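Each of the next two complexes has subunit A plus one more chain, namely subunit B in the first and subunit C in the second.
Moving on, here comes the complex of A and B:
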């Protein structure tokens, strides 16, 4: 049932969802590049962002001020991360822990379970939505919901701002230095432990922002972050661990692969096309599209 | 001294017999309740079924319990809507809590998986809201059900489509036993009955949140009706995303189960729920049995809202098990199975429930009538939704 119109619609839908996926993955890759750990609870910070958006919009600001609510939600999640990091993550570097990767995995999976169960206990397992008053838009031949289009634009803006922060500010310089060499940065006077706290907050704040922006699109419930975690990890492996451009390119590639695959091959395997792409990339470039090969002693 | 010791020993024995009543009289009868209480299952359904089951306990324990004074108690386990979760939950309620029968099943895949274990363990199951044919079509001795089965649901909506003159129908179903079962059965009945309906069937993974690729194909097909065979969040996402792509309301949507009667429906779909068709199994205009009337009153007092089908069936299934224990004069699962097969049981609806050893999917099965309701305006109470179709009429 191929038609050019259907192809264009599927392609555009893939690009839109791909950019949103990229925002979901950005936090994971950023935290990895600075703190050198995989945060398995990233989806739960997305979930916290979506709940914050729901509460702020439904009980305080209303749907017209969704953008202020999204900033407040991201800030809330940033502070949650900022507070959690010294308790759970910092001991990885200060507690004399030998197997840091194992420690990070155990701690973040425990955090995942805690946050998910807390959400279920406090709000119940039901779906909720903050609602939206944004009118629908036409992207060429593709009708798109106002909320999803706004999330798409906001995701692009967030990625651009984040890139500017990294490339044009002293903080960005310190972050990039730390990502290249923690010891080198520390030797140059960078307080890497404080930077870890900030980086963890920014990383989970980005996930929270994605959750807030997508709350009216994909709804709010305790396990809505599962998609963020699975897609996020696919994207950072495809794009290359720690690479911001890699996250954007891989997110869009994943979105397009899923959309075209589900439209023209078999709709039931929508989630499998990403893994096919991932396997292909790993076979051709094991370090990912934008990943750097590192030689370790 | 000897005499004093004997008197003291006798007094102690007497005291002990007064303090410790017979063990048998106190031991409660446990009923297993395997329900989805967290995603990817449908937790709303799980909670509603649980409410009904708990009130059934209140009803029977308020009357002094069963078997001359033994209280009923529930062992509740979360299946998460996953087959493996359902199997673990079944094993736990039967193995650890010694449940004499297990009910509450909402997801067909969970019920089917649990039945595979139950057939060797021997503790019966009653499907509360599971409709896949395989649950009873396999003719397992332990498998019972009080819910609408796929062939009847499909027959009902095909008759409805015929009446409405829908010729091109898109069916978007999740890749679960429920979804695939309904797609297969619809296709089979269209061919068997030689109906003039062109069916487009598409499936999606239950964990998917973006159904745009599937819905774009639906739009390109230009159907007269879109059948939404999602359960829980996918069902809600499909309602919203079909409206975004301007498929609905031009193309009407039929939701495959009674989710739109739930209290949060209009909060989730304030602008997209209008004119939606949905399957229902209960209408407040129905005549209820004596215990059904008690339940409705008790439910309204406790939860300050009217009961819905999930709660009614949760109540009804626990009531059936309680009556089976009573009629079997014991809590042995084998005796309960035999009683379920031969006995007659009061249910929430009027008339008696039986589980005959009937042919095919009708084995050990009791089906409620099928209704198709339609909302007439945004925010409408489901009890006022128009009855567009009723099976058998």
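Moving on, here comes the complex of A and C:
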């Protein structure tokens, strides 16, 4: 069964989907590193992004302008996060809450249920698609759907832009400083609470962008965020929580593991191969590929 | 020097943690340009006082004034932007940022400074030269030794564009003599060149004698005496609070 061509095909397919997964993981890890919380409703922001893409493409711009629609969808989700953060997340720091992790888990799971059920109530359980008229492309030996390849390129661009923002701007420096020490950043005059709002918006915006880009590939329905979120969390554990390079490397690694497993072992277990990779990493490097071991005080 | 309006003032400042009165009606008045020392045995409430002044904790009663303006209810970042900067007893450097980025982070406070960040680099470079950290400018701060971190953290405060008053909480603890001298030189330089006011909490009596003309002694949450180190060290109640050991 093994042929070099098949292997290259599987490898390329894995890289393509892995980069898109990484976008989701980047959002999770970014919110964690600034706001110090896990956002369990990440998949629902992915879902919001996919619905926004569907509405904008199907009722307004049409499939030719999919890239403008994706930017608008990501921006919509950014603003949703930016508005929600001060209401739901901020009390974690200002409300005298002692168990912040527990608080964040409860409110974001409540948000998850609310958004998912709202989507079901409004749009019904139907699977929708914004449609695409992008022609298929050949990546070397791999025939790839146009929508998937476009999503891959757009995800790469978004990751590059995000990295530039972090590494090359004052805002990026403030964000990196805050991720290292909230108190230290405050002492340097950084308004950490408004940075939280921004970081939460950017993080869910990345999930929304992933949702918008994958809308024509994986369909639009109320629970479409579940699979991608699961991958996102797998990637975070593999790459190390709070690590941006970890999210990228682990995203691609997960994509490749799934693709190779599905091609050469059995495609029915596609979602299981990532967990095998996850178990291996946990056994060998419990803090993830790029994770830092926390010192217990 | 009397007659000059104080730059930093605490009025009847109190903090209660449950049944424990950590600060009990503290009055403190620091003149502009002064280098004030605060000493006291462990548990005297020195760090609590610093936390109250810089907005980390809210006082149970009393007021804090910077150049006549009340700081109570202000958030820590607002207080920092007003020019009242602090260092922490436990180092708060940003481990994964480079040494020079640690300094530039303190430059973030003022939006106008971002446009002139060339000046920020120049200032950061000068501070790194003064502290001898220049050859480590691009190394991640987590690779620094404990003493170097203390130095970096202190230097970061000097990067604040609006700095007028600098509270240093135990800056000399666990620091080797060479770095201690660099830190003292830095404080003297910034005091002379920019007229920065300092409030230094420390147990290092030799350093305190060299830097501070006036020392405030805190015992059990109260100010018991103020004066030169030799004057306050001669007091029986101060000697007794230090378990009978002579201070100097």
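Before moving on, here are some points about what is shown:
In this section, the second predicted complex is superposed on the first by the 296 of 297 C-alpha atoms of A that agree within 3 Å, B and C clash if a C-alpha of one lies under 4 Å from a C-alpha of the other, contacts with A are read in each partner's own complex, and residues count from 1 in each chain.
The rule we apply is simple: contacts are C-beta pairs under 8 Å (C-beta built on N, C-alpha and C of every residue); 3 or more make two chains touch, one makes a residue touch a chain.
In this text, all values refer to a predicted model and were calculated from it rather than measured experimentally.
Contacts of A:271 after superposition: subunit B is touched, whereas subunit C is not reached.
Of the two partner chains placed by superposition, A:41 touches none, neither subunit B nor subunit C.
Looking at the shared chain after the overlay, A:173 reaches subunit C, while subunit B stays out of its contact range.
Judged by the touch definition given at the top, the superposed model places A:257 against neither subunit B nor subunit C. Of the two partner chains, subunit B is the only one that A:136 touches; subunit C does not reach it.
In the superposition on chain A, contact is made by A:181 with subunit C only, not with subunit B.
Of the two partner chains placed by superposition, A:70 touches none, neither subunit B nor subunit C. Once chain A of one complex is fitted onto chain A of the other, the partner contacts of A:145 are limited to subunit B, with no touch recorded for subunit C.
Within the complex formed with subunit B, the subunit A residues making contact are 1, 3, 5-6, 9-10, 13, 17, 120, 124-129, 131, 136, 143-145, 148, 217-219, 221-224, 226-227, 258-263, 267-271. Put simply, subunit B touches subunit A in their complex at residues 37-40, 43-44, 46-47, 175, 202-205, 207-210, 212-214, 216-217, 220-221, 232-233, 236-237, 240-241, 244-246, 264, 267-268, 270.
The residues of subunit C lying in touch with subunit A in their complex are 54, 56, 75-78, 80-81, 85-88, 92-97, 101-102, 104-106, 108-110, 114, 117, 156-157, 160. On the side of subunit A, the complex with subunit C involves touching residues 170, 173-174, 176-177, 179-181, 183-193.
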